[in-house]
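Structures follow.
Consider the two complexes below, in which chain A is the common component and chain B and chain C are the respective partners.
And now, the complex of A and B:
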């Protein structure tokens, strides 16, 4: 306890909430409020309505939601396979090899997402690999961007793994593949699902690279939100944003439930 | 660390089966498939970007595209805007994040745990939501100006900074402060409370305890969090795009407008190379800081 007097503590807490609430809680509150409104000319929005949500249940907005879900699912599965494999391979290496893999797989974090999008455009707009204008290029961009996070989470989990389990298994005659499949992967399952949840959330909200390469028939939700706000329909943009946040939250909560169930095993 | 132990599973098989046992492949071979995937989807395209930046539309290889871009005022302004907004946001995030994390950790209140959970969720949301929210708070139609018009009866409110760099700065400070708070909270949980009690019983007031006991412990996490936020601010695109301001152009925004709106790929690649160089250099610094912090922590723990 840093502040001992009662009044001092209350003063600190007041300052804290005066800073915290407007900066971090207010943004979510106003988006939620605006998604049910048609006007905002006073201190609070007016014209309560559900039409923005009804619009989402059909047409292009629904397509955008499914597009985002499919893209995020595909990208996080791919990222988990590539990033997880690389993290396991890096763990088996030592010294320079591991540092090289670390640097390579964390590099996409440092490179701006817009540049990742641009580089894919430059590379895959001409034969032999003509991906520009396909849905695949969006999934590929998302995979590149989230693989680093999958690698990082799995690598951290592998480093924490008690080597006694695999040593016992190996000393009992289990082959490396069997050790990996029956010992290491089950022990890593909680971290793998957590990594998948993180990748999914990041991919759901990815805008920068997507803006560079989305084809007209594959508009993810963030692009759709930008389109809505750019042409001035702020309120339907807010409703789409609420759908994006709720979907992300539901997936993250679901993943954390898997984690707690796996922890009992 | 798991690396310190010797692992030789292939030698540990109890009954050697001489003829059937395949020669074990070296371990680095297993790293090849993911590296090949990364090389195809990420490294090769990056190399092509660098190559394209040296290849003007007229053909050949030279630096003319660089000369052209560096000479344009648009690029120089974008570079300056990017750097000052990123530095300003980082300083803001560090100050704000330190203050908020300090309260959560050392002046605890009921619900503090839930608050740090909330911060974790915050990190999973996309950045442009903040700008969208700020449009409803400080926009021409919105809460702040609405309060003003309600109170004074005027036609419009005085708050109009969202389309200036200050709007971007506010959005970036809001979005990136949790990235500073998380490592700080982790570091604060390692601080021995007995140290604070002792300092306090020796007569040190709170500001002095913060300065002389807590701040030295927090410096590595501040450095790590700050450099990460600096890189992310340099690369931020969603916030700037949603602000929709014509006079706020950052490097990522310039890449986007050159490539997509003007179809000037060579120019976009030049800006991209500059942006990559800036960000990767800073990110290398961040990794070095984190590695040193981790090594220091291990030494202290041993």
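And now, the complex of A and C:
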């Protein structure tokens, strides 16, 4: 927004801080503070400690972090492959077929994730496809939920891609597969990594569908956090939440570095 | 594909280079809209043929039909005598350069030029030599390690041409290759293209442009397109001096089109004025309507009543004066028709509203039967 007068700029900054600080920044600060505390009865927490973090470095909590990372990684890679492929294929479609495909990939976004979890549970609880109680069903649920986002961001990038690149490549004798690998995918790389980061972040924080599906040996971090706070262990839950937040941010930052290096124009 | 021993995956470079393009009654329609109407046209091996026309005339569609990016709804496209209508673009053995260059932004200049060679599985050892050769030919040898974004528009266009030439195509398709460049660069690139053509005597070049200067400068023959149809085709001099349709006359050299009526003894009536043409069309009977084409620069200002000799003269009122540096363009209303005249830089140009006399020689006129070119497409001139 362009505000030219000095007083106007002050007003905008004031509104920004009044709205931003309480709504966005303070809750995170509270979580961070709580993760170092043993009591919180007054205005500020008391009993500074690192115990909660020390607990995390061993046993179940570390397993939960690994579980979350593996699940998010697998789900975003699968979502990128499926969603990206669909987006590239959808580019050739026109009219009704295109709208149908778009609507199909909108479905997991439009449907509450609890419903997605429930439907997967019901669908895969009987042979021949008995996935209930396996780790695979968690990855599957996450994949279903995030593929929509992968599809949409890649489809938007594909639509912006100048067809002249593809056509020039074809005129130079490049087969369609060669054009895909050497021209289209490299040009789409920034969008692909952005989509991957989005999928990863969404999957790291997924709770509601996971709650209905997770087997005892595959317990992602958000479920663990929910369990801890549900038991009343608010401060160790806060420490877990900080770990989840920081891990996700670190991965996103890493992904965004790939993106800037791959941005050509 | 009987010439390919390796079956459908054989590399295009393994076959003999095919040159020459033939449009055999090629039509392209989108729904009810005909964008190319039964085009019959041949580009000989080694020839530069310019497809000239305004936007929407079907010229780019014709080029894209050769490249394989649009599918004709009727007719056949032949490259080097082979029917390629059903071949995908990557099997056609063409080189193509488009207006926006379309260099691959993630590849260096040398990688861009090598792209086609790698895609066609040219032996790895031969690629650097071919890349260097193509860059040398376009004067871009010093820029091999740069990325496209580090080059100016003219340099990018040279790289795009080098990329198309590296695969040694028999047919080169140029789609408005200079229209993104400024005027000075454009004339330089025109000279470059003419030189490239001399160095590549076997390559057929199809050059799509809306710019008559480019077409007149570069082409061996010009095909004039309008409203999805081929209007006229011939050598540049031919089209310029003896246009066969009103559209050609006005589009190539922007001639004045004067409606005239044939009177007795070779005289023509333009309103009340009597003018003469170098020759009358065959079978022109007295009273027949015709169109007289006169180029703006064939007109000159004359003192009132003193056009001199056998020259035609028209009296009219000046409605506009534009100074164009070396010439003045006068807009003159003569008998209700606006006539454009390009006269040499005048010390004292006539004022708007002044009455002037424009003189022109019968030898500088072309007479067309009225309405030719607006009804039916003309076939290619032999």
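The criterion applied here is as follows: the second predicted complex is superposed on the first by the 247 of 265 C-alpha atoms of A that agree within 3 Å, B and C clash if a C-alpha of one lies under 4 Å from a C-alpha of the other, contacts with A are read in each partner's own complex, and residues count from 1 in each chain.
Simple rule for what comes next: a contact is a pair of C-beta atoms (placed from the backbone, for glycine too) under 8 Å apart; a residue touches a chain by one contact, two chains touch by 3 or more.
A quick note: this is a predicted structure, and the numbers were derived from the prediction, not measured.
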Greater chain A contact set [chain C / chain B]: B
Chain B versus chain C as contact partner of A:156, first or second or both or neither: neither
Chain B versus chain C as contact partner of A:173, first or second or both or neither: both
Partner chain in contact with A:165 - chain B first, chain C second, else both or neither: second
Which superposed partner A:130 touches (first chain B, second chain C, both, neither): neither
Touched partner set for A:206, first chain B, second chain C, both or neither: first
First (chain B), second (chain C), both or neither touched by A:186: second
Chain B versus chain C as contact partner of A:118, first or second or both or neither: first
Contact residues of chain A, present in both the chain B and the chain C interface: 162, 167, 170-176
Of chain B, residues touching chain A in the complex: 1-3, 5, 7, 9-10, 12-15, 27-28, 30-31, 33-35, 37-38, 41-46, 48-49, 52, 96, 99-100, 102-103, 106-109, 115, 118-119, 121-122, 124-130, 132-137, 139, 141-143, 146-147, 149-150, 173-174, 177-178, 196, 200, 206, 209-210, 231, 234-235, 237-238, 241-242, 244, 251-252, 255-256, 259-260, 265, 268-269, 272, 275-276, 279-280, 282-284, 287
Residue ranges of chain A in contact with chain C within the complex: 162, 164-165, 167-176, 178, 182-183, 186-187, 262, 264-265
Residues of chain A defined as touching chain B within the complex: 1-4, 8-9, 12-13, 15-16, 19-20, 23-24, 26-28, 30-31, 33-34, 39-45, 82-83, 85-86, 88-94, 97, 101, 103-116, 118-124, 140, 143-144, 147, 158-163, 166-167, 170-176, 179, 198, 201-202, 204-208, 211-212, 222, 225-226, 229-230, 234, 237-238, 241, 244-245, 248-249, 252
Contact set on chain C toward chain A in their complex: 11-13, 67-69, 88-96, 98, 100, 102, 104-106, 115-116, 119-120, 147, 149, 160, 163-164, 167, 173
